[in-house]
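Shared between the two complexes below is subunit A, which pairs with subunit B and subunit C, respectively.
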Partner chain A sequence: MPLLEVRRLDVGYLIPGEGLFARPRRLPIVHDVSFDLDPGRTLGIVGESGCGKSTLGRALLRLNPPSGGEVLWRGTDLATVPARALRRQRAEFQIIFQDPLAALDPRMTVLASVTRPLATFAPGLGARAREERGRAALEKVGLGSDFAGRYPHELSGGQAQRVGIARALVGDPKLVICDEPVSALDVSVQAQVVNLLMDLQDQLDLALVFISHNLAVVRQMAHEVMVMCLGRVVEKAPRGAFFAAPLHPYSQALMAAVPEPDPHRERARRGTAIAGEVPSVLTPPSGCVFASRCPRAEPRCHGERPALRPLQGGRSAACHFIEGTS
Partner chain B sequence: MPSTPMTAEPLLSVRGLGVRFRLPQAEVTAVDGVDFDLARGEVLGIVGESGSGKSQILFALMGLLAANGGASGEARFGGRNLVGLAEGELDRVRGSDISIVFQDPMTALNPFMRIGDQLAEGLIVHRGATRRSAWAEAVAMLDRVGIPDPAARARAYPHQFSGGMRQRVMIAMALLMRPAILLADEPTTALDVTIQAQVLDLIAELARDSGTAVILVTHDLGVVARACDRVMVLYGGQVMEAADVDTLFAEPRHPYTQGLLAAMPRLGGETAPRLGTIPGSPGSDAAPGCPFAPRCDRRLPRCTVERPALVDRPPRRIACHLEAADAAS
Partner chain C sequence: MAADTVARSTLALQFARFRRNRLAIVSIWLLALIVAACFLGPYAFPFTGEDADFDFIGAPIDFTSPHLFGTDDFGRDLLVRTLEGGRVSLTIGFLGAFVAGVIGVLYGAVAGFAGGRTDSLMMRLVEVLYGFPYVILVILLSLLFGGGNTALFAAIVFTLWLTPAVIVRSQAEGLARREFVEAARAGGMTSTAIVLRHIVPNCASVVIVYGSLLVPEVILSESFLSFLGIGIKEPQASWGNLIQTGTSAMSTDLRLLLLPGALLVAVLLCLNFIADGLRDAFDPNDR
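Entry: the complex of A and B
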């Protein structure tokens, strides 16, 4: 049984209705997302701002309630778990955030921040045992014991993110959602944190959901890639197959737009950027989510939404131009 | 490709540029002895991590340093030294000869003014254009930077534009005065990759077509590869290595440049089991030697005590004691 099974998940937010006395209405953000995740594996979720990738990540932990579908944790629907028990169970699934300094309480020492989750996850634990586990978690992320007494303002961005990772690890999680964990870091520090996450995954058999707008980082980290556009999955594929030849025109456009440190290649790509802007989530298109920017779009693409169809080699794509296997 | 020969008189010639900030406890050096030339129509990338001083170079050129900051050295432009120029003279340079585009296009636009009025204002103030002709020029420039339906969009307010469109507006505003130099401080960092590609291509195209020289400050070597002709790698306020982009990416010589390139994950080629790393993080340790020495895995004893000079080693300029050691052996 997979650790995490996501079945046709929908997520939305309540927003004020139109008019003074109107009821709030639900604005759908994420539509019909399904995937499985096993221990020791990384699912990379990529997409541009507003594609719903962070909303999805939070819904996997039930930080946002889903509006449809299921999230099964070791086969149990999290929606059926009572709030109290869910709070304990959260030791097993943790999250690290993009802005590492904003994610730490400026008045708490590093050790206090790292051990804070244990008050919830292991309330019976004595102060001494708690401290030991906190120091062990700091050790795992490469921060020696001289960091334990420091405050967030004394940390660099990379050190603060390591503290965030230590805090996520202190309850011995099985799954960690990483929401753009390296986007705010300098390039040289980003590589250290990416390597650290990969090492920790190997040592602890962690399942990771790695959310990023950076395709190159996802290629380094992920075993499987899921591309989202306007709240929908447009392509899902194993890492190697995806980066060798992305199938969906949106995946191809994203790949072509990533600037690489190779001037020959980049000069050749000048002027090939796709035109247009991401449509608003408030007025989603009725057809394919990418139709307004797609170089191949035909009238059918604007009128009819393509289903996500399974393809050879464990891939799937949602495009009228890509033939399914079934 | 050989390095750009500096035959013609450069448009901008910077020598020994320094920026210091007075803090209550101490003085901090943000930029230290930076030299470079900029030619017409050239796109120069300045790349560095946080605290490298890359943005402060632009602010020093524009007289926009924070109140506790001061610039020293020389920046020759049109027979004048921009460093230490009187505010009145700077006002004439800013906006008409040199324009700047910032990272966050929302905070740089007035939310209460229509886009067309904000664009036209510069032409009316600096060039005495009539309202009508300034508006027409503004609409034409919006069209030039790829804003769809520019006549209608000129009547809209900033909040009605997306991030990418606002950055195009900022570029339109900067270019409207036909500046000789466009300074761009992380102009695409806040944008999605597909929009970033559009904006970078636009900047490269404008430099090519109108001869505007561009200094593009970024933390992303990919952005440099896409848009720039030459690049200068900065660390701790000092130039580590500078060359044309082909040389720098194909044969980086400085340990810092090499480390940065090895740390970047790639879309093509083999995936390494782990990325290359540089130990530590960009710090502000004021040391007498090379600012990169504390993180450099090839440092020599002299690296921590003696600052390496930036020397010409065509087709590059480099500041590293290893160069001298190599040359001697």
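Entry: the complex of A and C
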């Protein structure tokens, strides 16, 4: 049984209606997402900002409730778990954030931040034992004991992200959602944090959901890649196949938008960055989510939404012009 | 470097900064002196502020007589009355500010944290209460509780918790969107725990600064309310009613106003300087 099974998940935000007593409206953000994740594996979710990938990540942990579909954690639908038990169970699935400093309470020491979740996850534990587990978690992420008493403003971005990872690890999780965990860090530090995450994954058999717009990092970390556009999955493929030849026009456009290290090719590339108007989530297109910007779009694309169809080699894509196997 | 020298908390830094502010430090000492005098001073005299001394009625200031600052028209010692009044006024001031502050902080933190419709309903209520005519409120409360100290306290707390609620709410709203709140939720904390452990402590600096301004406000509203006839009643003294009698006799005799007036002003100034010092110490943009 997979660790995490996501079945046709929809997520929306409640936004206040006009006027004090109006009903709040639900603004749909993520539509019809399904995937499985096994222990020790990494799913990379890529897409432009605003495509719903962060919202999806939080919904996987029930930090915001899905509006449809289900999330099965080791076979159990999380929606059926009572609130109190769910809080305990959160030890098993954790999250690390994009802005590592904002993710730490400025008034709490590193050790206090890291051990805080143990109050819920291991309520029987004494103060001494908690501190030991906190220090052990800091050790795992490469922070010595002299960091324990520091405050967030005394940390660099990379150190703060390590603290965030230690906090996620303190309850021995099986799954960690990484929401753009390196995009706020210096390039030199990014590699260290990526390597740390990969080492931890090996040691602890962690499953990771790695959300990023940075294709280079996803290529390094992910076993499988899922591409999202405007809240919908447009392509899903094993890492090797995907980076060898992305099939969906949107994936191809994303790939073309990656900066080239070679300045000549970089200049040639410039023109190919995804041009055109991104449709607003308030007025989603009735056809293909990429139709307004797709170079291959035809009238049919605007009127009819392509389904995500399985293809050869365990891939799938949602485009009228990519032939399915079935 | 030892770990504990590296690890100076923001709070410790702020207090170090506060200690460098001379005026604020002097104010703290002066305030402590006034508080000590009000609470301990009256025991140094053989009479209380309610004992009439018929040999000295309306006595002038005379440092050789037993009544250093003279007596009022009933022969009651003015110095002792002022100190005793200070005990009442300072108690009401600090207690009222504390209770109003706690209510306001919790209300504001919950509203800002909850956001959405809960927030707009809660803040709408605050607006309504803001607009409620003060005098009518006081009359209602005195009908409800009688004219005594309960009504006084209720009137003070009822009006003064609103501003801290508004201030804390805007802070809490910003804090609730920070990722550490989401991290806390992912860490299995309940909303109540998040408000108490993360939101309220992060509002602490604003609250401390505003709280120190709240104390003089409470003392002043006590004087105003005694003026409206609820609260501390003769023969018990408060700075409010002492100043009130003092002002009515002001044109003929400044003596009655002098001592309570001077002490009240001193306390107000001290608290303002302390609040200023705290604000400077807590304001990160200032250095």
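Observations, loosely collected:
As a convention for this text, the second predicted complex is superposed on the first by the 317 of 326 C-alpha atoms of A that agree within 3 Å, B and C clash if a C-alpha of one lies under 4 Å from a C-alpha of the other, contacts with A are read in each partner's own complex, and residues count from 1 in each chain.
The rule we apply is simple: contacts are C-beta pairs under 8 Å (C-beta built on N, C-alpha and C of every residue); 3 or more make two chains touch, one makes a residue touch a chain.
Note that the structure is a prediction, hence the values are computed from the model and not measured.
Superposition model on subunit A: subunit B and subunit C are shown accommodated side by side without a clash. Once the two complexes are laid over each other on the shared chain, residue contacts for A:F121 go to subunit C alone; subunit B is not touched.
In the overlay built on the shared chain, the residue A:A253 is in contact with subunit B alone; subunit C does not reach it. Of the two partner chains placed by superposition, A:V33 touches none, neither subunit B nor subunit C. By the touch criterion defined above, A:A91 lies against subunit C but remains apart from subunit B after alignment on the C-alpha atoms of chain A.
Here the vertex is the CA centre of subunit A, and the angle it makes with the centres of subunit B and subunit C is 80 degrees, a multiple of 10.
Of the two partner chains placed by superposition, only subunit C is touched by A:R58; subunit B is not. Legend: residue contacts after superposition of the two complexes on their common chain; A:L138 is shown touching neither subunit B nor subunit C.
In the superposition on chain A, A:V227 makes contact with neither subunit B nor subunit C. With chain A used as the common frame, the shortest Cα distance separating subunit B from subunit C works out to 7 Å. Residues common to the contacts of subunit A with subunit B and with subunit C across the two structures: none.
Residue ranges on subunit A touching subunit B, taken from their complex, read 48-49, 156-159, 186-192, 194-195, 198-199, 213-217, 219-220, 243, 253-266, 269-275, 277-278, 293.
Those residues of subunit B that touch subunit A in the shared complex are 49-50, 146, 162, 164-165, 192-198, 200-201, 204-205, 219-227, 245-246, 249, 259-268, 271, 273-279, 281-283, 295.
Residues 14, 16, 20, 24, 58, 61, 63, 87-88, 90-91, 94-95, 97-99, 102-107, 109, 113, 116-117, 119-121, 145-146, 148-151, 153-154, 164, 167-168, 171 of subunit A are the ones that touch subunit C when the two sit in their complex. Against subunit A, the residues of subunit C that register as touching in their complex are 3-4, 6-7, 9-11, 116-117, 120-121, 124, 178-180, 182-190, 197-198, 201-202, 204.
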